[in-house]
Amino acid sequence: MLTAHNISFARRGTPILTDVTTEVKPGAVTALIGPNGAGKSTLLHILSGAIQPDHGTVLLNGLRLAALPRKALARQRAVLPQSSTISFPFTALQVVLMGRGAHAGVTTRTEDMAIAQEALRMTGAEALADRPFTSLSGGEQQRVQLARVIAQISGADQDEPRFLLLDEPTNHLDLSHQLKILRVARALSRRGVGVFAVLHDPNLAAMFADTVIIMTKGHVLTQGPTHAVLRAEIIEEALGVRVIVQRHPAFDVPHIVPVE
Amino acid sequence: MLMLGFLLVASFIFSAGLGAVQIPPSAILSVLCGALGLPPLGQHTALQATVLISIRLPRILLGLMVGASLSAAGAATQGMFRNPLADPGLIGISSGAALAAGLLIVLGDRFLAHLPSDYRAAMLPVAAFLGGIVTTGIVYRLASRDGRTHVTTMLLAGVALNAGIGAALGLLIFLSNDQSLRDLNFWLLGSLSGVTWPNLLVAAPLLILPALLLLRLAGPLNGLLLGETEAFHLGFAVENTKRAVTVLTALTVGTAVALTGVIGFVSLVVPHIARQLVGPDHRVMMPAALLLGASLLTLADLLARTLALPQEIPIGILTSAVGAPFFLIQLLRHRAAAQS
Amino acid sequence: MRALPLLSPALLSGSMLAGFVLTAPLSAAQAQTHIVSVGGALTEIIYDLHQEDRLVGIDSTSNYPDAVKRLPDIGYMRRLAAEPILALNPDLLLIEEGSGPPAVLTQLHATGVTMIMIPDTPGLPGVVDKIHKVSAALGQTAAGDALAAQVESAGQILAARLAHVQNRPKVLVLMSGGKGNVLAAGDGTAAQAIIDLAGGQNAVAGFSGYKPLTPEIVAASAPDVILIPDFALAGLGGEKAVLDLPDLAGSPAAQNKRVVVMEGMLLLGFGPRTPLAATDLAAALHPELHLTP
């Protein structure tokens, strides 16, 4: 379990997060949605340990995140950035292998290689393994990066649940790639990983999340099971847009349609 | 990597054998055996022994160490800045060292005239070394806030400081007399000549230890290439790595400049070649760059001291003459790749 | 200057260099037959002492007499390299003050080859001193005394001829110029010393060494004669170009077309030929004396 308790954070006197308490369960996808400036990315960085909150604590599997050794932390949680640039001609496979840095000396090179190949296969990027990362399209790069973070938290060298944090992972991607990325994330959650994703599109949250958190202005507006949270009046309050929530024509999930 | 080791040995043998005094490989072995107290293996003249032991050997060793040091520092700096066109010169090490040396050369005549000239001469490498460290410290401080270092700010601070130092050096050139101008020029163009064993023995640990310690940072430097936040998420000590790269680079490059003056383009170009030979993974690329830099600088010095006999060409002129076009070609390729 | 000693052992060798002038083993000097001479004046003295057969190498400032050109040249005295010198297998290095870089001298000294540093002070006493030191190093003190006496008496003859001269023409020495400001010679330079010997006065004063001057100072100096070493003439664009320089056009020198060009090493080298150089220059500065050099 990855939990945040009474988190507050301010930047140069401006409060960004106020008294946020939430949790990410292993084996489930938790989506965080909200308007721009709600503090979504900041919460993700606090959950990842990259930012220290002013008040409150983050616990990873019951231990204080801030007190965990860097490498132990890296073996239990990985973060997929929105996008990343590499100005050196690494191959896709080399990029994925970088995910194994925190396991150096724990797993063997052969094991690392097998894990990297498996991660590339999971994200459908095995054909890209030997291509230079810089020559890949945006969608292909994001799949390779996803394989890298999967490789980071893979392996049998520990028992505790692991967590994958996705920071608006589908930005700038075409629809097909958006769905691919989130499908892999959900598949990962079915293997016990706790997935936390900051998303812009409430419909993607509706399709892939088990739990949804809605934030506005640094507060948690509401959080709970997807069906319970994605209701018209809540979305209208959070996003400031009039919507109708229907049943998705193909799946048993809510479908949000703006009506203004 | 085996090839690079072979290149290193070959450049050592060539450099030891060729010069104003020719020393065939058998005589080299013979002299070396004699120096180690073993029975001589073959024939050599006293002149060959003197030249090899007191002049050429320390010079070759200095070339090997400075080449290795500059190349390892260059590779680490490019990794830290996530920019294949970065260079330790960018963060002010070389120019800071040159400025300190220049100040001592030009103003020392006026304000330190009461000190014996030998003493002032001995202060020169020390001043250069401190100048490099201080400049890097200033750049680092300017770029740090809340315990984090902003790499872009560091680059910009380096550029600004380099420009200021350029102006200060111009002022020094204006102020200097005939003799100090000559000394200053030598410093700015770089040369391996004039090294003696005592110099070399003092400098060796300061050149080589930081370079070898930089190799140990290869893993975190790989991580840094993904971005600082990503490197943190991967479990690397980002701030410690950046601090260590800066300090170690300042140490090794500061020492190199103190001994040889500014030898341009080695730290920029050698990591490039190494990357093309063995790929960008720092764990392989950095040792390759270290070996390659040692070989190439030794060979460059061989050319510097034999091309224009009986004179020597300042080695900085040679490395820049080769390095600048190479760098431009890389730049154009970079642009072409970015456009495609 | 870069690779200078960091520590005291090497420092020590630096100060030993200076001490060497005094401690050179003169008795053994007779045997030395592989001499490298660094400094044009020293080479001239060796020739005047008829010891040229013992020379195996010279520097690039050694260009007199013509016969020196058969000897291997080890390069410019201020930019020496150790190996080309050692390649000549010398047993004695005669080195004029101002040679370098110091690190190379330290390095040469460390090889154990005998080095004798000869001071270089512009002026006739300096020349006499050089002659004594070189002849002592070569074990030719008697010949040296004779040569020194010759130089001194030539100097005295010229001084006597100039003793009654009232006017001391103002001489401006141009070392280089071209596009930038002209480089003039100030106090303490060899140029200043030779002008003094020849009965002139330096047109510009109040600074030491060679300095680029602003055109206005050059104009204000109003030289009577412009003196140019031959090596600087091409850079200045020839005699006519010098006279046409805006800062010199109005000067007495330009109006009377008084430009003197002299061989650089003869003029500034301060060797045995210095009385000759001074007489040549004096003849040009004081045509009324009808000096015959």
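We call the chains A, B and C, going by the order they appear; numbering starts again at 1 in every chain.
Here is the rule we use: contacts are C-beta pairs under 8 Å (C-beta built on N, C-alpha and C of every residue); 3 or more make two chains touch, one makes a residue touch a chain.
From a predicted model like this one, the values you see are computed outputs, not experimental measurements.
K.L.:
State the chain with the largest centre-to-centre distance from subunit B, centres being mean CA positions.
P.N.:
In terms of C-alpha centroids, the chain at the greatest distance from subunit B is A.
K.L.:
Comparing chain centres built from Cα atoms against the global Cα centre, which chain wins on proximity?
P.N.:
Per-chain C-alpha centroids compared to the overall one single out B.
K.L.:
Distance from the CA centroid of subunit B to that of subunit C, rounded to the nearest Å?
P.N.:
38
K.L.:
Could you please state the distance in Å, as a whole number, between where the Cα atoms of subunit A are centred and where those of subunit B are centred?
P.N.:
44
K.L.:
What is the distance, in whole Å, between the centres of subunit A and subunit C, each centre taken as the mean of its C-alpha atoms?
P.N.:
Subunit A and subunit C have C-alpha centres separated by 80 Å.
K.L.:
Which residues of subunit B touch subunit A in their complex?
P.N.:
82-84, 219, 222-223, 225-227, 229-230, 232-237, 275, 279-281, 337
K.L.:
Over in the complex, which subunit B residues touch subunit C? Could you list them?
P.N.:
19-21, 47, 50-51, 54-56, 62, 101, 105, 116, 118-119, 121-122, 124-126, 177-179, 182-183, 186-187, 190-199, 202-203, 258-261, 305, 309-312
K.L.:
In the complex, go through subunit C and note every residue touching subunit B.
P.N.:
Touching subunit B: residues 1-7, 9-11, 13-15, 72-76, 78-79, 81-87, 89, 98, 100-104, 106-107, 110-112, 208-211 of subunit C.
K.L.:
Can you name the residues of subunit A that touch subunit B in the complex?
P.N.:
It comes out as residues 45, 48-50, 70-71, 73-75, 77-79, 81, 84-91, 94-95, 98-99, 101-102, 104, 134, 152.
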